[in-house]
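Look at the two complexes coming up: subunit A is in both, with subunit B in one and subunit C in the other.
The block that comes next holds the complex of A and B.
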């Protein structure tokens, strides 16, 4: 039982690292980035390519993953989302095109990684980091798990504190409430947009490297699955609420662990889809989100 | 001609199935409803048809009819349940619905064949049937893009508040979009399973959403012709791109991304724009009231002129 709880905690931490960036971008500059999963995967893939050449410690791989993630994320923003938003005639058609553009862009890194690996799983077996397992009071925990949980919670607290307390955090939140007015008040949308995309990409890259260490190996298409799960976590917590993402990620991971241990078959994936459906139906603002008023 | 036809029969059939699938996502977009439920209904239609043909041995048209009926009812229920949602939220909820369908059929045990799917749905359905059905569907949809009905659909998409103020029952039109989408999706799924005789959960997942969406984006989302262009391109592109070997998927991704970002109206939009500016420049040759470059470029749809009905 305690063992399941620990597994749920580390799974939830991966979801959290991934979903945090997605929620940051969605809740502030209003972009639902469908390429987030591909960025996540490609950052881990780039680290893999490098570690195959040079034997590197974990910290170096994390830095590489975060940098690749941030660079890709900024590139997507500059090359895809900004041109779309400039040309869109209103917010609604822009939203749709960003979703579709994200799906299109995501196909490129996925194709490259699948081409290089032959769609097989890749891992960091060449890294100098070794997984250790500790046995405590009858349950087992690896050093990777401890690291993932600690990093996820620390980063989540840091992001929340930044948004709540700093000037740039306030500016970013104001964009989420009313972009027009915020711009008139001197908030630079372009710079903040790029900045939050870079942070989101770095978090995705970090999550990618950590998940690869945690599982031993990942497949190129694991980004797509995670995207839907992160979406479920964000929706559950409420779009725009960072504390909501934390709760959403862990609740989802716990629910999935329960389903995995209590049922036979492949019902695990249905949890996230069911959560998306149920939350949107019964409490569309999520657990902690603001109520959005829409007419017609 | 017949030699070409015989050697490419699979691709010809796939083009029509692809067209129907693309249309099932395009119709709701044309109504201003951002729903991907058509792909889930493709799964429902395909599995219902396969189960009935294999287990009960009914004739193919009846089995497909049953699949389409079930999908239409599901589509209508979805429309009722999801009526409060709009934009991205509706899109994601319907993607969740599609994926739930795949999980359910993967866990269906004996009935759906589990993860390996169903085999041996044999019937006498052939290219002629799917081609004729596509023709009928296209004619009906082309009619729906014209006249009073077409203008109302445009109003519901471009400005729901205005449409409601003009006395158009926006809610009914949106429900109609869900039902049409479900029928088209189930029809495509039914044909696909009868032509290929197999169906598996991996055939109806997120990749099908991406494929159908790709067809519409590259072809054009405003008219059935766009879906047709897209279906032709993305069914035949893989055999054309064979020279590029493994990089085929990368080229695919680049095409889709470029189309989504820079050509929101799709190829159809480019063609219509080119035709219009050609016509305009011809007219400008006679009387110079409208210049060829009067700033009216882009891919704005033709708006209804005069007072609405």
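The block that comes next holds the complex of A and C.
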């Protein structure tokens, strides 16, 4: 039982690390970035390419991953999303076009990584960091698992605190509530948009490196798979709520672990997504989302 | 691929709709007939100066590692056939097309090949979804198509569809001797249920082997294509304290599965499948050591024809061949033998020739090859990952 809880905690932390950046830009500047998975993967891939040449510790790879992720994310914003929004006839159609644009942009880093790896899995076995396993009181946990859980929770708390307490965080949140009014109040949408994309990209890069260490290897299409889980976690928690993403990630992981331990693994996706469907039926804004008021 | 292949978000309903469209076009467009090929290639009465074959193999995309390796084997066979003048003065030409992991693209390529009379046959795609889309078109257009990998149902469906890779389920029992040598009395299974081949190995083949060699399946846990963290399913299986664990996963899942299995404290033998090959276990490092799986080919396997292939391959590419290369090599030799047997290069003649060669069997890169209908059969070989490379664990008696 304790081992199952540790497994769920570890899995939830994976989802959380991945979903944080995605939720940040979706809930504030309104961009549902379908290139987030590709940025996550490519940051890990870039770190892999470097560590194959130079033996580096985990910290160095994390920094490389975060920098690559941030740079890639800003490039996507400047070269794809901003031009799309500028040319769109209204915000709603612009957001729809960004969804498709994100999918298109994601194909480029994916193709590069597939070409270079031959679509084979890649990992950081050349890194100087070594995973160790601890056996305590009948359960087992690795140092990487501990790091993943701690990093996910600490970063989530830091992002929540930033959004709630800092001036730039509050300005960013105001964009999520009413971008027009926020602009009239002096909030610079362009700069904050770039800043939030950079932070989201850095988080994706960080997640990519940490998860590659944790899983031992990822493949070029690993980001696509996690994108669906992160999407579910954000919807479950409530779009725009970072605390909701934390809860959504762990609820999703716990649901999956319970289903796996109690039934056949065949039903993991069906039951866990069924739970989300049920939540949306009865609380459409998600567990922690803002309730929308429609006036006629 | 045969079963094991990676998941992709780019599959599904849109692909199915596109394929349906191509099927309709093929039907309405009056795809080529057997006689078309004959006209282009000199007719059934004699061999033309050149026989052109289209090879639809992934050079990019999720299964590129399979397609690229297969193409190396194909190129080697073509070079050998032409240099040895196996078909006399007739030159065999293979034109490559890359479907890039998309079933609708593969289907379009098959349609194009049928319409273009210069193509006498097709070397079909390696992914099952592509092959399943291509087969009905090939059958309708009476175009002989020889697949490698593509191990699922719905691929070899009629007179014109052939497969040069034995289904994994047919040779998996060769691992029985390995199981006996490890004195395995209980087995826990973690398997990817999204792939029919792995599902059948987990749910039918391994329990059946257990009845014969005397082990009990203590737990069987399914995972999905989307599963990336195997901690929970591995914990479930290890609760039953098995002597051995079978990890039947797709390519990229294997290093993670092995790593997490070892981290969970299991140091016994592990049974896998061919998707763990092609260096996929390398990222797992030492944790990958101890996984064994049956395969249709290994460079160190005994047999004169296999040894000759390995020598030729090493001389051309400076590396050891993967099983995909051996399959590609044998598929071309099957085709060349078919042309010679039929004495003609029309599509219909090649179809008849492929059947005739299949009825006799032949010695190829993969060893002594037999057929069940139009589907290849082999005894297989067991290989083991020792942490750095695949080594022969035992071969068929």
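Note that in this section the second predicted complex is superposed on the first by the 278 of 296 C-alpha atoms of A that agree within 3 Å, B and C clash if a C-alpha of one lies under 4 Å from a C-alpha of the other, contacts with A are read in each partner's own complex, and residues count from 1 in each chain.
Keep in mind that, in the parts below, a contact is a pair of C-beta atoms (placed from the backbone, for glycine too) under 8 Å apart; a residue touches a chain by one contact, two chains touch by 3 or more.
All values reported here derive from a predicted model rather than from experimental measurement.
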> Regarding the shared-chain residue A:274, is it in contact with subunit B (first), subunit C (second), both, or neither?
Replying inline: first
>> On the A-aligned overlay, A:226 touches which partner chain: subunit B = first, subunit C = second, or both, or neither?
In response: second
> So, A:266: does it touch subunit B (first), subunit C (second), both, or neither?
Replying inline: both
> Who does A:114 touch here: subunit B (first), subunit C (second), both, or neither?
Replying inline: both
> In the superposed arrangement, does A:87 touch subunit B (first), subunit C (second), both or neither?
Replying inline: first
>> According to the stated criteria, A:133 is in contact with first (subunit B), second (subunit C), both, or neither; which is it?
In response: second
>> Output check: A:11 vs subunit B and subunit C. Expected answer is one of first, second, both, neither. What do you get?
In response: second
> Of the partners subunit B and subunit C, which touch A:123 in the superposed model: first, second, both, neither?
Replying inline: second
>> With both complexes overlaid on chain A, does A:104 touch subunit B (first), subunit C (second), both or neither?
In response: first
> For subunit A, which residues belong to both interfaces, subunit B and subunit C?
Replying inline: 111, 114-115, 224, 228, 265-266, 269
>> Under the definition above, what is the set of subunit C residues touching subunit A in their complex?
In response: 6-9, 60-65, 68, 193, 221-229, 231-233, 235-236, 251-252, 254-256, 258-260, 263-265, 278-280, 282-285, 287
> Taking the complex as given, what residues does subunit A use to touch subunit C?
Replying inline: 3-4, 6-8, 10-11, 14, 111, 114-115, 118-123, 125, 131, 133, 135, 140, 142, 211, 214-222, 224-229, 256-257, 260-261, 264-266, 268-269
>> Show me the residue ranges of subunit B that touch subunit A in the complex, using the header's touch definition.
In response: 29, 34, 81-82, 84-89, 91-93, 95-97, 99-100, 103-104, 106-107, 115, 160-161, 164, 170, 206, 210, 213-214, 217, 246-247, 249-250, 252-254, 256-262, 264, 298, 300
> Taking the complex as given, what residues does subunit A use to touch subunit B?
Replying inline: 32, 79-80, 83-84, 87-89, 92-93, 95-97, 99-101, 103-108, 110-112, 114-115, 224, 228, 231, 235, 265-267, 269-270, 272-274, 276-277, 280-281, 284, 294-296
